[in-house]
Each structure stands twice: as C-alpha cells, then as structure tokens.
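Two complexes follow with chain A in common, the first pairing it with chain B and the second with chain C.
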Partner chain A sequence: MTVYSLFSFLLALAVTLWSSPVSASSDYHEQLFLQPLPQSSLLASFNFRGNTSQQSFDNQHFQYFPRALGQILQHAHTKELHLRFSTGRWDAESWGPRPWNGSKEGGTGVELWAWIDAADDEEAFAKWITLTQSLSGLFCASLNFVDSTRTTRPVVSFEPTGDHPKVDGLHLLHGTLPGEVVCTENLTPFLKLLPCKGKAGISTLFDGHKLFDAAWQSMSVDMRPICPSDGDCIVQIEQTVDMVLDIERSKRPRSNPIPRPVPNEQLLCDTSKPYNSHDTCYPLEKASGNAWSLQEVFGRTLNGVCPLADSDEQQSVCLRVPHERQVFHSEGAVEQKKADGFTRCFSLSSSQPFDLSIPEQAVQTEVALEEPVLHAERTIVGHGQERGGMRIIFGNPSKTTDVDFILFESLPWYLRPYIHTLQATITGPDGVPREVPASELVTGTFYRPAIDRERGTQLELALSVPAASTVTLTYDFEKAILRYNEYPPDANRGFNVAPAVIRILNAPDSAPIYIRSTSLLLPLPTPDFSMPYNVIILTSTVIALAFGTVFNILVRRVVSVDEAAALGAQSLKGRILGKLVAIRDRIKKKETKVE
Partner chain B sequence: MTSKNGDHGSPQTSSTLKADPKPSAQRVPPPETPEAIQTRFRVIAAFWAVIIFLGFPIWWKTTSIYRAHLPIQEMADWADGKTCRPVFPLEIHVAAPTMQLPESQHLVRTTQHALDDLNEFAAHHLRLKLTNDTETSTAQGIDNTPITGSMMDDAPDTALTVRVVAQEGLATPRSELRADTTQLDIFYPPSQVPIPSSSNPPLSVFIAEELQRLYSEEKATIAYILSGGAAGRDSESISRRLRRSMKYADTYHLSFSLFTPGSAPSSWDIEAAVQEYLSPLLHAFGPISNFTIDTQVQLYATFSPMAPPPVYDETESAWTLKKEDLSAFINAAEWPLNPSIGNGPTLNFILYVPDPSQSPMVVKENRASSWIVPQWGGVFLLNPPLEQAGQSGSQTNPGHITQESLRPAFMTFSHQLLTLLGTPTTPASLPLRLQSLIRVRAATLLLSASSTMGSLARLTESLAAIPIPATVASSVSTTLAQLSSTCSHLREGRFGAALTSARIAETEAERSFFEKSMVGQVYFPDEHKVAVYLPLLGPIGVPLLVSLMKELKRLVAGWKARRRSTA
Partner chain C sequence: MAVDRRKVAVFGAAFVLRLLLICLFPSLPDLLTGRVEVSTPVNSFKRLQEGLYLYTRNVSPYDGGVFHQAPLLLPLFSLLPDVNSNPIPTAIFYFLVDLVNAHALATISESGQSVQSRLHSAMRKHIRWDGTSVAAWFLFNPFTIATCLARSTSVFTTSGILLAVSNAVSGNTLNAMLALGLASYLSMYPALLFVPLALLCYDQRAQKSAQAPSSGLFILQHGAILSGSIAGLLGLSILITGNFWEFMSATYGFHLLVPDLTPNVGLWWYFFIEMFDSFREFFLGVFWLHLASYVGGLTARLRRQPLFIITSLLGVFAVFKPYPSISDASLYFALLPLYRHLFPLMRYTFFAISALLYSSLLGPAFYHLWIYAGSGNANFFYAITLVWSLGLSILLADSIFAALRDEWEQDHPERKGQEVKQV
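Presenting the complex of A and B:
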C-alpha cells in the first residue's frame, strides 16, 4: 500500500482536526472535497462540524448545536448518536475504498445507533423509543417504526467514538430501516440543523434534485462528547453528505433530462477488440476525462463562505486531480496546491460566488485509487416459499496480509436462520474451492436468537480471511408465515433485510474501517388478501349446507312422490301455480271469444 | 327436496285434505302421527334453546365492549355549576401599632362595614382581621410562599397586611403599597383616630376605598370568568387579556431565540442576561409554575416570501412594519421554532436583529419595537449600533451582543412573560399580583375541569359504541374529589391549596377525556358487522325462523281448536 490514498488523506485530515478541539472550543468548520472517479463519476464529500461546550449544552444554550436535536438528545439521555440516511450502492470495484473509511455511511435506508445512559436495559429501551419517535418527527423519516423487532444491541461491532466519563451506564442500541426511501424531505431538516442553513458556504450547493439523483449518497449526523485531558468537555455535532454523481447525467439540463445517444462520429471505439462488421462499437472511456464545472454538476454555484467557519480554515473547497490538469476558478478565490501532487484547495472570497471549471484535457498521471481491504457481497439463495439460504462472499485482495473482521447481521424475526448449517468454502490463490469447517475461520460468535414478533436475530461473527483468498459463508433459513395484518401494503414486493455491517479490525491506524453490504429483498409466502372474506363466505356456506341438511332431515316429513303432488296443491307454491293457470285459462277464453 | 316441500302446515293437512271437494285420483298421505309432530317440536325447541341459552350469551360476551360506570349526573352537575359556587374570601390582616386596642377594633369594624357597602360582587369579598404582631407577619410577607404556607396549617392565606401608622404633619390619610411585599401602609394624621362613637369615620372609608381599588381588577376578572365571559364592566379588556394568556400548565418552556437575516451577530451573552434579568422573576413564580429555559442562535433567518417586506419611512428615517403585517413576521415554515420536548407549553421569545440594510426597524404606527403573539410568545426588534466594516465602508451588525445591550430586550421579555402567563396588570406589588394570579388560575382551572367533566359525560352518553376503560372511571373520580376539595379550599380562603387541587383535577380531567382507547371503536361501523354475520346467519337463520313460525302457528291453531271444542 505505497500508493498515497485520498481516503487516508481525508482520514488524516479528520484525525488532526479532531485531535485539537481545545483550541476551538465552540467553533464551526465546514469543508467540501471533490474528486473525479472512474466512469465519469464525481465524488463530492461535504463535512460540517460544530462544537459547543458541555456546560452550555447541558444548560440548553445552543449556538452551533441545533436546538431541536439537542433537546431530543437530552430528553432521551443520549450521550452519543449516529444517524445515517443512504441510497444507492458504492461501487467498490470501480471507485475504490469508501470515503471516511466507511465510518460515515450507513446501510441502504436509515440506520441509527446510539449510546444511551440508563440504569438497566428496560429503561434504555424506553429512552431509545423516545429517541426514535422524536428523531422521526425531526427528520421526517419513519424512524418511529424502529421497534423492538428492529432493535439490536451489538456487542463487538461498534465502539463509542466519543470520550465518555462513565461507560458502564451506557447502553448501545442499533436500529435499521432498510426499506426507507431517503429523499428531499430528509434533506430539508438536515440543512436546517446547519448554522448557515444552506444560505452561505458550501451547503449552498445542495439541491435535492441532484443529491438524490446521485448513484450513491449518504447523509450522516454524528453527535459525541469529546473530553480532552486538559480542559472542559465539548459536545460535537458532525454532519456529512457524501455523494457520487454521474457527471454526464448531472450535466443534463432539467428542462431536457432525456439522455440522447452520442453521434456516431463522436463515438470512441475500443479498437483492441475484434469486430465483425463496421457498424458495431465497443465504447471506450475518454482518456481526457469529462469537462465539468460546479454550476453544471450541482445546478448552482457556491455562494460565498459561511462566516462562522473559523478564519484559519478558509480553504473550504479541495479538489483532487493531478496538478497538471487545468482548473479554472472564479475571481476572488485563491488556489493553493498541496505537495502530494494531486490535491489543491481554494480559499474563497466571502462575498463573491465561487465556481470551478475543469476542461477536457489529456493527462499523463492519474489519481491512483487504493484497493479496498476487503470485498464483500451478500445474497439470498435458494428457491421456494418455505426455505432459503444466505450466502456471503468475502474477498481479500491483498497478497500478503490476512484480514480480521466482524460480521454483524441483524435479521428480521420472520427469517429464521439455522446457525448449525453455517458452512464455509475457501478459494485460495490456486482457484480451487474447498470446504472447511466454519469454526476454522470463525474465531468468535455472538448469537442472540429471534423471538417471534418480539425481536430479530442478532449475529456477530469474528472472521478471518487469509491473504489472496475468497471465503464463502452460507447458512440456511426458514421463512415464517406472517399473520394477515402483519403484511405491508406492498407485500408482494418482498421484505427488506438490513445490510450486514462489516467492521475490519486490523486497520493500519486505530480508526476502524466499515463496509456495508447491500440490503436484501426476501420474498415471503404472501396470501391473497381477499382471503378473510373468502374464508368467511366459504365456511359460512359449508356450515349452512351441513346445518340445512341435518335440520331438514330432523324436521321435514318424508312422503312419496304422488302424495307430494297432492300436498303440493295445498302449499303456497301450489296455490300460486293454480292461480296462474286460472288466469291463463281466462285469457285463452277471451281470445277464443274474439275469434 | 322439492317433493318433500309439500308438508307445510302439517296439522292442518289432514283436515283440509278431507275438505277437498274434488274426488282426486291422487293419493293423500296419511295424517302425521302425534309422535312425529311431538318430535319435530322438540327438535326445533332444542335448536332454539341452544341459540338462546348458549349462542346468544357467547356472542354477547365476546362482542360487547367494556364500559365502566361513570357518575354521569354528578359530572353534569359540576359542568352546570350546580355542585359548587366558588367564593373567594380574602383574609386581610390589619395592624395598628399606634392605636389603642378598642380604637383599632372599632376601625376594623367600621372599615369592614364600609367594604361590605362598596362590594357589589358577592363571590369575592375581603375579610379584615386585627393582628398585633405586625412585625412578624410583614417579615414573613416576602418568602411566605402561598402554597407552602397553607399546606402546613388549615388557616386561610393572608392576602394582605394593612399597617395603619400615625404620622405627623399630614392633612389627609395617605397609602403606600410596598412593591416587593404584601403590605399596605396607611399613614394618617393623629387627629383622625376614629372615635368609637362615630359610625363612619373618614379613615375607615379611606382604607376601604384603597382596598377596593387594590382588588378591583382581580374582582372584575373573576367575575368575568365565573360568568362564563358574559359582558360586564371592562369585559372587553379582560377578555383580551385572558385570550392572550397561555393555558395554565405546571411547567412552561421558555425558548429565547436570536434571529438575524445575515451572519452577524452570531453570539450573545445570553447566560448572563437570563441570570441577571429573568431569574428573579422566575423565582417569584416558583409557587405557581416551573420554568425551563433554552436559547438558540439562528442565522440567515429570512422573512417568508409571502410576508410584506418592511418599508423605508423617510420621516421616521427607519424601516417600518405595518401593524397588520406583524402576524406574518415570523416565518414559521423556515425558522426552527419547534416546541420543546416534555410536558408543558413552550413560550417563544424572539430577539430579531434586522439586516444592516434594513436597520433600524420599528413598527410603523407607534414606533414600538416589540409585540406579543397571543398564546405563543413575544418578539423584540433589536437595532444595535452598526459598525463600519473594514475597507469597503459597508456597515455591519456587531458580531456579539453584550449583556448590557440585551437589557431592554429582557425587560420587555419579562413584561411579555407576565402578560402571557395571565398576571393582572394591577396592583403595583408583584407578590400581590402573583397571589391574584393564583386565585384567577384556580377559578379558571375549576371551571375548565368541570366543563371537561360535562363534555365527557355528554360524549359517553351520545356515543354508545365507545368503550370506557376503568382508568377513565378512576380519573373521573379523582377529578371529582379534587374538584370538591378545590371548592372547599376556596371557601375557606386557602387559595394555594385550592390551586394545587385544581391542577390535579385539570390533569386528570384531560387524561380521562383524551384516553386513547376510547376512540378506537368509533371507526368500526355496523355495516362491517352485517357483512361478516350475514353469510352465516342468512342460510341458517331463515330455515330456523320459518320452522319456528310454523310451529308457533300450529300451537296457536291447536290452542284455538281446543278452546272451540271446550266452548
């Protein structure tokens, strides 16, 4: 890993900024990081951080900390909070490792975990429910659906990132909503939490249309106390928005968003491939990269700086492209190139709008992307409505080092795993898969089985993948049959299963690396929902039929056929028939008279 | 089946068949044996017995809803004011250290007479009582909090201490109300000591008029509340004042927000300002309500696009807001003014620092810089002196607001807070105003809890399908008990204790009225029940009913035939 990495730069930046909180006890800081990624993508990573002293936080004097969130946290006795809103999938094969080492992203949908100060588990859960209900209102998200079945208490997967004076009273609770659709209604409250409210500084670039059109995006809110060894404790709120935009797609005007094919003469074809005829083309990515500007990609320009940001941190926009690439920027800003040969940062003028423009240009050097430490993929296998299986594939690309990590799965109760069927297959560098007992790879297990309708399965596995190998873990599960009223309105779509969280332990520095798999869709046996009424009608009919038969046999009198005819004349039916015959006869008589 | 359908009305068959005049070739079945008829009767009776004695009770048991017994009549009586007529006897201590005992007794007696003559509202009356230990009672006046004082003994609260002191060099009596205690000093020229023979001494008249004046606003307010808002003297101003004030609560959340459309000022000396300007007032309110305080700074808070922008007024050389546009001043959609978490309402106090380009900003009609938003909070426009910013020469707001410049704002906020909490505007003494507030609040709570009881009674009467859980019944009984204890506390002049009881009564009444499980069944219409029951009851019920009717017809016919044969 000799290649200098963007992400370790981000991390180093973050670490240095976090480690010096004493000098700026109630400051505010914001930064935007831009990097073009392969396949004409652009990573934009926004970071906002505000500090407030613990004392004014406790007394509810809010300046950089949003009042609404602060009050919720105090009311729910929450000491540390992490909230994530994510959509899309990070394409690790093309884009490399995740920004912030994955520590600022969540699984698809909404993910929330918090350390709550409480005397016992029950009290902690009650406060957790208060917290989710309140956050649900604040962020316009369905967080109030995080009930006991979606709440887990991870043991080894998460560590508090803040400094807590007393750890023994803290309870970690974790909840996910994999089916939640993150959209603009979540962005608006997110922006309201910022001191500059999207009116000044880098937050002016946020546009819900672009943000939620991204190939991958993740919004995060983190709150934690930081207590330096010397000085008073502070409470820090950090908000980040990371997104990968498709440059081509973002550049399309909103009035005319339909993609048009590239004209034939402008097509760049891969000539190294064999062609049968001249009318085909394997398109090739442009070597010169895409031309783009902030205005084109985000639909607006950056409007000055947020004046609250500390004055020595004026370089609020950084761009990572090779130095030889031309970058035009608007007047008033000052460009500063960093020594690593790839990063340049801009000091913005407080009054003028800022725009960046990168023309198309063929360059020799490329920003090298680091290989991710681990590849992970999780799928549901099997068929039928009764049983299925889970398959998780881990790939270790490194030639030399093993990877130790913790796999954390929280499964809904209606997916009942059979842990005894846990099997491992390892494919070494030779490419030959061989089955090994799972215990050979799993060094530790924490398993908390589900209780129907009360809690989900929680499974934490400590695993190790040898160098240059691929490990496939499989286990079987059974699908439960739900009650009629437990199905959602779109039951035939399937049920979301939360992504697995992978925490890599042997990271080079102490900061953990997190990877999240994609969320899964579990098809459950789904009834026809007119069923209850059909059942009512059918059983009623059957009972009525049986009852009628029995009742008639008991009550009715049995006579022979010719006797019945005699009796029939006396019945209501017989009398009506007789009348009808009489009327018919009279009409016939009249007709004969007329003739 | 159809062939067997023929034997309807079996008992008649034999007789009618015989009467058939047509000589038919058809064979008539033999008449049924009495055993068969008897068996059929038993079968049908057995079916109906199962239905009536087993099916119906089970159905009733499983589908009925639990309705706890409520004392409907008692609740309605409270709501109609039949149970309790609130009275407010105020005990006023009179101390006359410079007078002889018979003189002072006579003074008290004549003053009481004069007061009774002046008073036209019977529910609220002042009772004078002579005390000698003036010094101790006045010393208690400051921190003798009304509630704790009355909790300890059953004696009525002392509303006021009148201290009658002789002073040389006065032509007429003079009164002086101390602003920080509940003491009224009356100074009189020694020549005016009432002679025991005089029936209407001028000093008594003077004291009576003073006391009457002191309590006139409270009296009018209570009269207005008890009459249910009927027009009376000053009813317009009283109703306006009551409309502005918040509903009573145990805890109020005070939220102070600094809003500015630009980036400055971004900090303020709020902690010191709250400590200095507001804490004493909140401490004085301690016996009535608790308060929590939170503050926030919100930058880039722009006006709503719908709101009419301020207009520059040349003559005033200020930016002005029209009075009728003030309701649109607060941009509720964007300004984060969400209520605080926890029980109790939130009072919002907004300090708005206008943009330098729009400074100073005032209200057009009266150049005021603050106003009250009824039942919500208050707004103060702060126009700090502008600073020259650097080389460009443009003016900016200061980045920080000092405690001293917050002073006028917090004076206004204190005043707004008193108004929003419903404190009467007179008399000048704050403890007296707070005592008056206790009585007004007790009266309001008593009436509102009673009317909630009435509404609950009407609701449960009119909606027969809603369940009434046992918790509601227990809440109702607590409310009624607390209401009657409020009433008796009021009658005996223990207003602090009355307020405590009324608070409990109000909370319990609200809890019983807003019980969640009571609304559930309302949305389950009867059509659904028909849809569920009909497929089963139709095919089963019809044969059962028809057979029952036939059987009854046969019995009636048999009974008639028997009577005819006996007759």
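Presenting the complex of A and C:
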C-alpha cells in the first residue's frame, strides 16, 4: 500500500505554487488543510498568500499586500522578513514530521529574522531596531525588547528564500523572545493583515479561545521578493497558521469546560493488561476515531469564500482521511476526491456557510505518518543555582543514511557557556554509549562569546549523526548573578532560554528542513530584593569600622597609662571638670558659713 | 654549600602532601576550582582554560565576557599539556610556584628586616621564627593548599609580590621593581605597593652605602623602572592579542569597573548587586579611593618599617579589593609570622581568630544553603563575608597597633611593658 503523507502533499503544493509565480502575480490565495492525527488530535493548517508586483510595491500601491506592514518594511529597508508566534510543543513521536517541514514554524514565543539592506553592521542594527519597534506596535508583541543582547547574526543557519538582486548589502539579523506569551492580542492584528480580515473565507474559523487552547500552534508571516527569470519581480506575503487541536478538549462547551470522566460502560479497556479487572482499566483509543465537525472543533462554521481569492481555485478546504471514511458537508459545496486515496477537497459556495462533519466509523486503512528525519531534544542538567550543563540529544532513526545538520543556539549573556567542556557521546545501533572527541562529529563551528549586558552567545555547529545512532552533546555553563534591578518581578521563576534551531542539510535541491527544540527555563541565583538599604548600611558600617579603627590608631599618639592621666588633667575635659569641682566646693563653703 | 636539611624536609613534605591530595582525591582540584571562595572571575582556572581554548583556535579570548586574565598567561599555559587528559604536569607546575613563593618568604624572614631595619629595631627581637618555620607556616596553611590545588592564577601575583619583597630585602632593587611590575601587570592592585617597596629598597641602599642617595631621585628612578617593566609586558601582550584596547578593557577595565558580581569573600559583590543604578559609579569611586587611602596613611605613619607597611597593605587588599579570594588572605597570613615579636602586644587575637575560623567554617555551609539547598538566601553568605572582613580588619588594626606600640617602646626603652593608651 503506498501512502503519501500530508506533508509531502503540502510541500508539493507549495512547490507548484512557487514554480508558477507569474500566473500568480498580483493575486490572492487561501487554503485550509485538515488532518486527524493520533491521540484524538486534529491538525489544521491555514495558508494565505498575497502577491503584488515589485513596481507597485515600490510606488506604495500595495493591493493584496497589507499597507501597514508594507510601509514598515520600506521604512526599515527590509528586503525579506520572517516573523513567528508559537506556543506549545510539536509531539514529533506521535505526530510525525512537522508541517511545511518546519519552515513555517518558530521557537516558543516570538521569533523574527530579516534581511536588511544597509551599508554596514551598525546601520543594519539601527534599521533592525526600527523594524522591531514598529512590528512591536503592529502586532501588539514585546518585540521592542529585542535589543542587542537578544539579536544574533546567524552565519549558516538561515538562507534567504526569496530572489534578491544584490546579496552583498543584505544583513541577516535574528531575534527571539522565548518568554513571550502569544495570545489573542497577536491574532487580531494578524487577521487584519488579510484582505478579508476574518469576515469571509477560511479565516472566519479563527477563534482566539480555540486557537490558543491548542496543544501546539504557530502563526507565521513571511515576506519575500520573487523574481522569475522571465518576468517582473513580485513581492509575496504569506501568512500561515498551523495548529494541533485536541478534539475532545475542543468539543467541550465553553460554558462548561470542566472535563467529565467517560461513563464506565463506555470505557474501552485493554484486556491484555495483567491488571485489567472490573475496577482497573487501561483505556484504549477508539478504533473508530473521533466524531467531529468544524462547528464543534472551531466553535463556528466557515463563512463562504473570500471574494478576493482566485476564482479558478475554489478548492479552499482539503481534508486528509481515507476515502472510505464518510464525510458529510453542508449544501452548496462540491467534494472532489484526489487520486492518492486519502485527500479530498471541497469547492465552497460563495454565499452559504460551510461545515464538515465526520462521524465515528471503523476503517481499514489509516493515513500513515512518515518518520521525522531527526529527533532532537535539549535540556538543562545539573542542580543548584551556580552552574549547570546543557545536554542536546540527537537521534537519527534512519537505518541507512547519515544526517548532516546545523545546530544554532543563541544564549542569553547571563548563561556563560564553557565551550572547552563540549563533549560528545555516541550510541550506535549496539546501544553502547562511548565518548568521542567533539571534533569527530562537529565539522564546523562558529562561536561568538557573550559580553555582559551587551550581546548574547551565538553558537553554530555543523554536525553529522551516523545512521541509527544517537549523539549526545554536553557542555558546562555558569549562571551569572545579576544586579537587583535586572531581575523581572517573578525572579525565582527563572529566565527563558531561546530554543535551538536545527537546520537539516540532507537534500541540497529541496527546501531545508527545520526543527526547533523547546525553550528552557534557567533559574538564576537571586539576591534578597527587600534589603538594598540594609546591605548598603551594613557594608558601609564594616568599611567605616575598619577605616575608623585603622586611622584612629594611625593618627593618635601612644603614651603610657600614667602619662595619659597626667595629660588628661590638661585637656579641655579635665579643665572643665576642675572648674566644676571648684564651684561645688565654693557652694559647700557658703552653706557652712550660713550655718 | 651546606644544605639546610630542615628546610628540605619542609619543602619536600609540602610537595608530597599536595601530590598525595591530588592522587588520593582526583576530583579535588576541580571541586576547589568551582568554589567561589577560591576562584573569582579574575583568577579562575576554568575561565583560563576557556580563554586558552579560544586562544588556541584563533578566536580573541577578550571578545567575550568570560576571560579577564593577563594575556601572557595564555602562551605560558599553552605550553603545558592538556589538563583534562593529563592534569599532573600542570599541578606540579603550581606546586613548584608554591615552593618558589615559600623560598622567597624564607629569604625575607632570614634577612631579619622585620625586626631590624635602618630606622627601626624591635624590642623583642628574640621572639621570632626562623625562615623555615615561616615557610612551613605558609606551605601548610590550608588556604594556600586550597589555592594551589584550585590552580588559581593569583599564585603568580603572589610570587610577583613575594619575589619583589625578597629582592628588595636582599638589595636587588632592579629585580624587585621588575617582579612588582609582573605582579601589577597580572592583577593591577600590586602597583599600590610601589611606594612602600621603594622605601624598603631605599633603606637597604642607604644602609649599605656610606652616603644615602637622594630619596626623591631614587623613587623617581624606581618608578621609571616599574613603569618600564609594565610597559614591556603590555608590549608583549599586544604581540599576543593584537587588539590593545580590547584586552585592556577586558582585564584592567574589568578590575576597575567590577561588572561581574559573582559571589566571593569580599564586600563589593553584594553591595553592587543591591546598589541603586544612579549611585553605582559614585560608590565604585569611593571604594577604590578607600582602598588607595590606606597607602598614604600607613606609609606616613609607619615610615620606619616599610616591610610592615607592605604586610598591612596586603591585609587591606585581602579585605577591600574588588575580587578577593582566600589566596589574598593566605598571602597576608604568610607575611604576618614575620612579626612574631608583635604577637605579645596584640590585644584582640582571640576575637579575630575566632571570627576568621567561624566564617571559614560557616561560609561554605551558608553558601550551600543559599545556592543548592534553597533553604537560605543570599543574606546568609553575605553575612559570613561581613564577619570574615570584620575578623581580618580587626587583626589588621590590632597588628598596626602592636607595631606602633613597638615603635613607642623603642623610643622609650625605660617604659617597656607598661600599659599604654592612645590619645
């Protein structure tokens, strides 16, 4: 049985669309893919793409390109832009490879990289700051906090996806905000960039409550110029939203979101477990799959089609389930099954709302998932707030081919890596771990160490993992202690460390595959925030005590005790005491006279 | 030449003790290297290794926030075999540096400069330890052993200072200035010792030659030698690093501005963590001025005993410099036994020694409570550093008092042993 994965389909579609940019010039296109994933999950992948010709873009005639974004890009001399908002974690072990091969995905939080046209590094950085400040306002995100400590200049990890007439003057800058919480305030400006602004077409399905309740979601904005060999250049904006919804969770009514246990008689138990009995159950996933509809999962139905979208491409919703599976759809839409046996697309009616409904049904065939090319996992090891270690595990599931990739890490300056402690352990197919010198696996290194309060660490390693092996990289780091006002209000929560970006190089002619690790939480030692005054006072006291004692000893004269008594009589205090005694004596004398 | 068998035994025992420690406890050096009491950002061996790693791969080690030590250490340590695969040669190198330091100390002690100098003669000359005992006191001090095993680069500064003093008391004024130049080049603060060291050299010269040279000219000459030696070392450093301002700001700028607030036994780190931003520069200036102020005060009052000025200043540095470690305290404790004759005149020895013992035992415990156990907070360790500084400064003040009293007794031999008072 031959099956194609959704992802290769997505990729094939993307390639077809890339290869025909001239016909797609100054057009608008949108598409939704739906695919049920194991563990009652549903992947929904929205894609919106608008083109405008370079000439009209330069003349500020934006057409399908959002004006707000276009003017920012022109002002900051940005030739290519990639902006990502992500939350959650893609579970590669259950869900397989990432949609779009990870190229439309960002690390947890906000990630931004752009090619800026500038004469030198300083000018590029100034324009980058302009860009981040403006985008911060446009997307209601804290992008203005992308300062020099969070900006890196990757050397080999990213390459421009557009066609640039001159590459010399372009500077790539990359910034991440791993702690940014992506939420509805970022979705609203994202929708406003679309021509139909969430009023018609597939974008009507977006509901912040559902989108940000997903197990994983990633919103992206990509802008790039495309210059076909035979035609005028166009500027393309592509916006995508990918999310993995938990069907069970999404189907709960908003008014009553508390999960209820499945009634006993509906529980499916794994009877092969030794502990299975009338009161012990290992629940099984339903073989018939979950029943769901767009209305149930997204909380609303799809409201017609966006009238600005290409009229010849009406199949804006595609679903990937086996053909034998029953799918009900609302009236007015036309279903078309593709030849691969799994994909069906729907042409929607422009005026009627559209809904899909999939009942529970036991099916013979299943949509097989591909194995990801590489598994990657990054964790902080060690205990205590003084030092720790970073451990990155790469697993190559392939039995035959090696994987070559680039690991890109940008670390905050208060995490001080000791790169001389970089060690590698390799576990071959025999399962025996053995230590190897890191230089055996690392074929290239680019390392720019951090400078306190100025810039972060940038580390790019070119690595190779042999077939059916697991490689573990470790290095030590030290945690800096900061000034009391450099800690956030929730200082003991820890600091976010940006995810590592992995770019897999295996296929030279096709688009690269990207994987991002999860972000990390780094606890730092904290001072006592309540007592700056006390510390200033106590330290000053000790210093004053030492200074006072030493200089008191130095400036005074040494005399013996009897001399001191004699000297004491001549001092001011001695003379005053003498006067007092004399006065007392005189008064006493007078009293005796009166008697 | 007769070999001093006792001295050989002490030196040999110190060497064997260190060797035994690293052979029996192979993880001890790395453990000590990680202790904040021993390793500070300016003398940590781990940071040196990181700098070395970058240096051998043609990356500038100063273009980063980790390495802040003098550039000449890099080619020196790149000659030694890799410490991870073969730690013994590096360790033995450090042991030998320790022995050189102890030998310099023995030379200082045997010169008798601490009890009898040109302008001063102590009253209790008979109460003193010989050179071997002073060297043994240094070599078997746990603080010295810990510093040596942790491979802290302060031991090179220590040798610079001790060699400078030992050359000065033997009359080799040129070598003394060159050694002080090395120490100043490595950690900057020893430059403050120039005035008392020049006085020590001057006294030696005046004592030996029939006609005393002009003091102003003498100090100018030696200042020029010191500046020349520092300039020469900086010139060599430019050959190594290439970028002058980069390494100047990463090493001396780092000492001056104290940007890294990693905990240590000193007073600066917590003060500048908690300091309000607008006052940070002001207090940096105040702290440095305070440190420098002792040079003038001590030199003016204790002019007759330049070696004692140096000893006391080393005590001041151990408390008040920006990144102190126990190696600075061990240097002060090494020179203090030269003044064994002052011990009977000191008044608060019990209190000072108790405070020092208390803080050296509780310090690691409180640090553990703060960083690892999480049951204490930063104030625990901070309080211990306060006690440590207080103990050291009481010891310092007490020894200065004893020295002044000794001078007074020399001026008034008839009143020896009487109760005294300061007015």
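Criterion: the second predicted complex is superposed on the first by the 527 of 595 C-alpha atoms of A that agree within 3 Å, B and C clash if a C-alpha of one lies under 4 Å from a C-alpha of the other, contacts with A are read in each partner's own complex, and residues count from 1 in each chain.
Simple rule for what comes next: contacts are C-beta pairs under 8 Å (C-beta built on N, C-alpha and C of every residue); 3 or more make two chains touch, one makes a residue touch a chain.
Model, not experiment: these values are computed from the prediction.
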item	value
Chain B versus chain C as contact partner of A:S560, first or second or both or neither	both
Touching partner for A:R387 - first (chain B), second (chain C), both, neither	second
Touched partner set for A:P307, first chain B, second chain C, both or neither	first
Touched partner set for A:P195, first chain B, second chain C, both or neither	first
Which of chain B and chain C A:I583 touches, first, second, both or neither	neither
Touching partner for A:F551 - first (chain B), second (chain C), both, neither	both
Which superposed partner A:A126 touches (first chain B, second chain C, both, neither)	neither
Touching partner for A:N59 - first (chain B), second (chain C), both, neither	first
Partner chain in contact with A:L268 - chain B first, chain C second, else both or neither	neither
Residues on chain A lying within both footprints (that of chain B and that of chain C)	536, 539, 543, 545, 547, 551-552, 554-562, 564, 567
Interfacial residue positions of chain C with respect to chain A in the complex	34, 36, 46, 49-50, 52-54, 59, 63-66, 259-263, 267, 269-277, 290, 293-294, 297-298, 300-301, 319-320, 370-372, 377-379, 382, 386, 389-390, 393-394, 396-397, 400-401, 404-405, 407-408, 412, 415, 418-423
Footprint of chain C on chain A - complex, ascending	383-387, 413, 416, 418-420, 447-453, 478, 480-485, 525-528, 531-532, 535-536, 538-539, 542-543, 545-547, 549-562, 564, 567
Contact footprint of chain B on chain A as seen in their complex	56, 59-63, 66-68, 71-72, 75, 134, 138, 192, 195-197, 199-200, 306-308, 533, 536-537, 539-541, 543-545, 547-548, 551-552, 554-568, 570-573
Touch list for chain B against partner chain A, complex	1, 3-10, 13, 16-17, 24, 26-29, 32, 36, 40, 43-44, 47, 255, 257, 263-264, 266-267, 270-271, 292-302, 334, 336, 338, 340-342, 531-532, 535-536, 538-540, 543-544, 547
